[in-house]
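Should a chain be cited, it is by its letter among A, B, C, D and E, assigned in written order, with residues numbered from 1 in that chain.
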Amino acid sequence: MNDPGKEISRLAFDERGADYLLAVREEYGNAGPAFVAKGEDVGDIRTDIPYQLVTILRKIYPYMEDGKIAVVIRRCEEKALNELIKRGIIDGDRIIRIGLACSEGQIEACRCTDPVPSCVDIGSPGKGWNEDQLSKELSAMSSEERLDFWVAQFRKCNKCYACSTNCPVCVCDHCVLEECTFVAEKGIPPGMAFHLIRAYHLSDKCTECGECERSCPAHIPLLTFRKMTNRDMKDLYGYESGDTETVSPLLTTLEGDLLEEEED
Amino acid sequence: MQRVGVFVCHCGHNIGSVVDVEKVVEYAKQLENVAVADHNLYSCSEEGLGSIKKSIRENKLDVVVVAACTPRTHEPLFRRACEQAGVNKYLFEFVNIREHCSWIHAKEKEAATEKAKRLIAMGVAKASLLTPQKEGEASVIPVAAVIGGGIAGLTAAASLVSQGIETHVIEKEARLGGLLNNISVIGPEFVETEPLIRRLKEDLERSPQAHIHLESRIVELGGFIGNFDIKIAEGAKTTDFKVGAIIVATGGRELEPTNVYGFGKIPTVITQMELEKRLAGGAAPSSAIFIQCVECRQPGREYCSRICCNVTLKNALRIIRSNPNARVTVLHRDIMSYGTTAERLYREASESGVSFMRYGLESPPKISEKEDGASVEVFDETLNENIGISGEIVVLATPIISQEGTAETAKLLKVPADKNGFFLEAHVKLRPVEFATDGVFICGSARWPSHVTECIAQGLAAAAKAAIPIRGGKVVIEAITAEVDVERCAACGNCVLACPYEAIEMTVIDGKRCAKVNEAQCKGCGTCVAACPNDAMQQKGFTTRQLGAMIDALIKNCKEEAVE
Amino acid sequence: MKENVVVIGAGIAGIQASLDLADMGFSVHLIEKTPSIGGHMAQLDKTFPTNDCSMCILSPKMIMCAEHENITLHTYSEVDSIAGDFPRFKVGIREKARYIDLNRCTGCGDCVAKCPSKVPSEFEEGLSIRKAIYLPFPQAVPRKMTIDAENCRKIKDNKCGVCLKVCQAGAVDYDQKGRIVELDAAVIVIATGFDLMDATALPQFGYGICKDVVSSMQFERILSASGPTGGHLVRPSDDKEPVNLAFVQCVGSRDAKNHLYCSSVCCMYATKESILATEHAPDVKITIFYMDMRAVGKGFQEFVQRAKKSHGVRYVRSRPAKVQQANGDNGVLVSYETPGMTGEPVSEEYDMLILCPALLPSSSTREIAKMLDMELDDDGFFRTPDIRYPTDSSKKGILICGFSGAPMDIPDSVSQASGVAARTAELLSGGDR
Amino acid sequence: MTDFKPSILAFCCNWCSYAGADLAGVSRLQMPPNVHVIRVMCSASVKPEYVIKAVTQGIDGVLVLGCHIGDCHYLTGNHRTAKRIPLLQKILDEAGIDSRRIKLDWVSAAEGEKYQKVVTEFVEEIRRLGPNPLREVRF
Amino acid sequence: MTDDNFEPNIIAFTCTWCGYPSANLAGVNKIDYPANVKIIRVMCSGSVDPAVVMQALERGADGIIIIGCLIDNCHYVEGNKNAEERADRLKRLLNVLGLDSKRIRTEWINASERVKFANAMREFVDEIRELGPAPHIPAPKRKELTSEEIKKEISRIIEDTGAFDCVECGKCTSVCPVARFDTEFAPRTIVLRSMEGITDNLANDKDIWTCSTCEMCNSMCPYKVNYSGFIQGLRGTAMQLSNSPVCSQGGLIQSAIRIMAGADLKQNRLDWVTEDLEIAEKGDVFYFVGCLPHFDAIFADREYLELTRTAQSAVKLMNAAGIKPAVSNEERCCGHDLVWSGDEENFLKLMDKNLELVKNSGAKKVVFTCPECIRTFEMDYKDFAEDIDFEIVHISDLLVQLIDEGKLSLPSMADEIIATYHDSCRLGRHMGIYDSPRSLIESAGMKLVEMENTREKSACCGVSAWLSCNSAAMRMQLERLEEAKKTGAEVMLTFCPKCRIHLSCAANEELPFDRERVNIITKDLTVALAELLEGK
């Protein structure tokens, strides 16, 4: 592919009438999110560095009263965006999506199972992994071993909140984990409650973009935990986050599938 | 910090005999924020309440914790006492150490005392975080609705109308009267039913206040006490109207026996209703056998349907009166003719030749068909012999069972029904004609099989209970509704979808998207609180910090215990 | 101006009627013969079928009654005269002298401790004593003392006077006189309830002859934690815990020589008392002699099944004819015919016997009926001529509820009491049908 | 170990399971004294965060008791509970906390015996599972 | 008055050891004797039951001769002595009945004295021919009742006695003195069986006869079922189905009563009237004596009973109060025992005769000492007859009235004796007379000690109408005597001759325990009061 940046800016501004473009750009040797207005120089756009642009989009969106914004989004970001649209936090019409298919290496890094965006504009679609190796091992373990594993992992956490800050779907400004209502120990590490509450909150939102794992300085395999929780959600209610219609099963009634009264 | 007063009750014997009340009071004294701890023999008595009020004033208490019986009976009583002593009635916490401790751990006094301490510690933890609340008020629409046009419903409606209250009667059949339409005379004084129903119907038809809806069913029902809106399907069209109170008088129906005693196979085996028709036509048989307790007072349907004995006595006497040398036999397991007139009916029946034979549950009568009727063989317990009797007809006294469609009505009205399908009243002894849900009342056989006189009495009672809020004009709403902390709300929309009553909507308050609760519609269930990820939604009286504190108190207690 | 309604009798029916009438906005005058409202329900320990503690569900209503701004209590008072007719009755209430200043008395009880003269307590059915100055029961409403003139040495023969000295509140006033209060009332509600038949009229049951034969109300008091034995199940003759005890039903009821009617509630309270007895004394064995086990209300059959299955209560369908003293002066010998097959006379020995006497219309029912020449039916209950109005008596404007109309249990009394409120509203809103 | 006294938290909804617990009390149904009831208006108001907080800080078992489906005083409140608690159990399981420490059940106002059965069986289950492993784990 | 071709019908009871062989020898030796004699062989003359003799007379025999061994060499030691003694008592009874005592004869003949046998026969036949025929009472006709008629009859009885009201509560059985000892008998079951229409076993139901009709059950029944009336009715119907009772004394008294009902006899009932007693043919007050003389005859072996003294005392007391009571020799048995054993037909005959008697005497008041007689007049006569216009009063009420009116004053007893009073069921529960006997005892200066079961609860003497005498009756009698003894009283007073007979019968028996426990004498209250007059 010749310079992806050009292609992206063409698609965004010329073809799809965006007023702004949000993409990852490399400047002076380090890559970061760039917010380019129409007509400005797009610069050296990198498509091989995994960066959660939807989180940035969510943060700047309230301040952009008008204008359409184009975003370079991979499949997981597209799903995260859908979750935000579904909750009315972002108005879908103002967003123009530029689909980026993940490279093999990236798919492997994220052990991603669903790497191809709905419309592929850049990059060639690769094949998703079917199973995350660690979660397979974990589910083979007995619950004591699993507990020891996670206690060991969570003991490394020093409550820097990187995971929740960078997470596209973690929308609360005042996160309940910052107070001691539920996370009792004030000290570091914050104890199991911190992570379990976060897992529960994200159970109907997380799109497995892996940003939390990537941004965790203690390298706690948070993505694995997210994947296991999402698999539970799928087993229990056949729900996968990432589309703009299905309401989270935690909020709906039992509808048809009434829990048959366990006759004891 | 809040000055908390803890009052532990002996409840006479019930708590005092299991929980060491003095030790619990000592423990409560050293709990955080507890200014004073005391105990008395009967806190719910005037003397008990008096001592609590005195202690509130003397020790200038902010919050009161009472450890006694279940809050479901005495919470209003103690809240009013706190109010009278100058403490906001919501700065009060009830700890149940009777039904949830002394009564269920009667044999483990030591463990029960420890548990009482922990429960009180949790109660005090929550009490310290309680904040004063103010009750809401709602106006009451001066209109009542009566569901069911049987004798109970008609009496209630007639009474409401004659008190000047506009009333809708909703009857699913094409004519009013319910069960009494196919019963011509009722015991024990053999009163004609037709004039009774006709007079009640005329009272209603004459009055402009009464609206009778025949062949109509409720399809939708919403709102709450004082402001119910009802949509009914009346024949083809649907009408809806708003009412302040609802009286359920859907009545009961006679059980069709299912292949027992040859019913359905032997033509001469009939039910009481069938007999009523025949007797109304004047055709009295020359001999009859009544079998009581058919398909009831047995495993599967344990209850006694209260009225079938008296119906049998009445019908037996009608047979004898119209055909003096008729031979009537009643096979029974107990004759339930309680009261004055019913017992005299029983005497008169036995004096005019009706013979009563007692059979056991394990040895029911055996029926075999004969050409001119049926013959019954029964093992008479007293004579210890099998006795054969023959009768032109065999009448099965089957019980009154719940009206069909009770489940739907219950769901519509959001009121409970027991395992037999009869509605569950608020308190079996002291609030027999009210539901736990405010503004909804119950009378007649829908609550429990009742004689006509009892249905009428309950109809009047339900009318009185419905008239109270309507005459009062306003109704007080419990202050346990949800409220949003606009600052914290991230407008994630969870609460809007979670609320069973759609009482929450997303709005914009000074530029910020956030959720808003419609206080009048919110019933205070707290579903939204649990759906809210970041504690923006709180339920008055059950805030996350209060319940969190209770959990902390338990955790702290268990840790201490583990250390011991 | 709120119309006045006079309610005579402050048992559960009178209390409920007053509360509903007051909630409807009528001004209620509740007249009670004894010093405290509550009636017989206050004497009960528990109520069937849920075994709720009776006082726990009654005292809130008593307190609401005392505090309701539309209700005026006239306790220790009787109806002196009733004149006029609906809707302008003239009611004379004779408030008997209590010799206590109600505003000052706090019910502290110091006087009771010092009072020398002991009297058998009516509330405890004679099982324990009260003093001449007394509070009928701990949860009494109003919580004020009363001096019983016949037994007070000071009032009778001008001796003693210790209660005056002891009372810090200065509430004792020996020369207080009773007074007649005249009031006009639009409607009169009669809720005079029942009296327990005196079982000494049936000597064959040994009541008053054998010490260990008690009435059901006495047994209720024995079971009650605030009762004479503090809730310990002991028998009167030697205060020992009985090993086997028996209930006899229909004593005086369903009896052509005494009262033909069935008092409706004895089957159920006997079952309740037997369940309670097994709780107080786990290894007691209980027999109930009955005619028909009339468990007709909600949850009643299950209640009886529970008594049979998990409390081991033995139900014998037979009516004992003779009760004699067993050996010495405790325990009794009960002779009855074994039901069913054998059918031979048997006499068994029981440590304690509980009689369930007939529940009669109360003496005040008769007095008021005479005063207003109202019709009574042949069992002595008020006649209710029109089936459409079960709470209307034979005189217009005079309504009845509870046991004075017919034998019934607490829920039915409460329903009728509310029914009275509806009828009052109907009568007074002119829309009478 | 025999003298392990489990500490158990129970959330009971005011209209059904709390009333069922009262009925169990009124009927004097004896049960082990390790269960501490917190009265909430509806089982749906029980935040999973409470359960996580309790379990992660040493409480041996949490019972959530609501009205039978269809009986809920607030219509479909208990439907949400019926969705949340199973997911919560799975998450805890993933983290290695035995999901049998959390139990969801329905007890109506008339089911004193069922309340006794649920409580007694749950205490036995927790006793079998042993103390909550997170008690000693010091973070 | 014998018509000339009357051939007497003679029965000869011959004992096997002497009587019968002597007859054989007479036969062998062809010594003839009149053919009227029919010989019945018995083992011993002592085994001849007086009741059999009486029934023979009733059914058609004109004379009975009992032939036993010579005195002192009876094969069974004393058989013949007993026979002699019984024959005497029987003769006395016949005399009172107005049948000539010569109709019964005993002969002691050695086995070889064949001539003596034949002569005795011939002599006896002539003598009886001289006397003429004895009155023959035909056996009562049995109406053939179909089961439908029985059912109708029984439901009529149920209707009259209110038995429909029975709620099977068991009070009657639990107080029934008979049921306590005889587990087969349960009043409730009898009522229920008839109510259920089970009447097929009525023909051979023995239970209905064991009821002592003491009406303890009536007093206890909460629904006022007249149980004894029910049994009376059932017994009447049972008799129709030839279900006859086993009577005590072998039915001797029943057949004597039937004779009184059927035959017009020249009775000598007034032998007890001594000179000092003033009685009259007619008068305002008629004293109905009852069968005291007959019982004195039958129970002559129990001298201390002295039943006729009651009659004498009654007249003495009345004379002392200035009353000359009319007493009639034509008096018949009041019929109590027949009405209670279901023989309604003969009962009505007796009733008519007695009512006729009272009407002829012009009496406005009939006085009774015997509780059974007064009960029969008060209840059964008034039930069956309409025209009863005279007042029926018991001696106790009469005496109390006389004392109140000052017409009679009884000196009180010198040394006070302790006495207890037995309420006979007929006087007490049936008639409700409890207080006058007691006030009489008190005014007589005796110290009255009440038994534990007294007044309505008074225990029964076990037998009524000579029907239910069995082991249960025996235990009842012993229990009653023991109860009386326990009160420490020296004497048990009562008005009922039957109670005294039955209680005395118990006292004679071999007792399995120390006799002292039941050793108390019974005395008739009328006699005791009369003795006061004589300063005893």
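Operating definition for what follows: a residue touches a chain if its C-beta (ideal position, glycine included) is under 8 Å from a C-beta of that chain, and two chains touch if they have at least 3 such contacts.
Everything quoted here is computed from the prediction, not taken from an experiment.
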| item | value |
| --- | --- |
| Shortest chain-hopping distance from chain A out to chain C | 2 |
| If a chain touches chain B and chain D alike, it appears here | A, C |
| Label of the chain whose CA centroid is most distant from the centroid of chain A | E |
| Most distant chain from chain B by Cα centroid | E |
| Most contacted chain pair (by C-beta pair count) | B-C |
| Distance from the mean Cα position of chain E to that of chain A, given in whole angstrom | 118 |
| Geometric centre distance via CA averages, chain E-chain B, whole Å | 71 |
| Approximate Å spacing (C-alpha centroids) for the pair chain A, chain D | 34 |
| Centre distance in Å when chain D and chain E are each reduced to the mean of their C-alpha atoms | 86 |
| Junction residues of chain B - those touching two or more other chains | 347, 358, 382, 418, 498, 531, 544, 548, 555 |
| Numbers and ranges of chain E residues touching at least 2 other chains | 165, 167, 188-189, 223 |
| Per-residue multi-chain contacts in chain D, two or more chains | 26, 28, 48-50, 53, 57, 76, 80, 84 |
| Which pairs of chains touch, using the document's own definition | A-B, A-D, B-C, B-D, B-E, C-D, C-E |
| Residues of chain A touching chain D in the complex | 138, 141, 143-151, 154-155, 176, 181-185, 187, 189-193, 195-197, 199-200, 203, 225, 228-229, 232-233, 235-237, 249-254, 258-259, 261, 264 |
| Interface residues, chain C side, partner chain E - complex | 204, 250, 254-258, 291, 318-322, 335-339, 342-347 |
| In the complex, chain B residues that touch chain E | 347, 350-353, 355-358, 380, 382-383, 385, 387 |
| Residue numbers on chain A that touch chain B, as the complex places them | 87-89, 171-176, 179, 181-182, 184, 201, 247-248, 250-252 |
| Footprint of chain C on chain D - complex, ascending | 23, 26-28 |
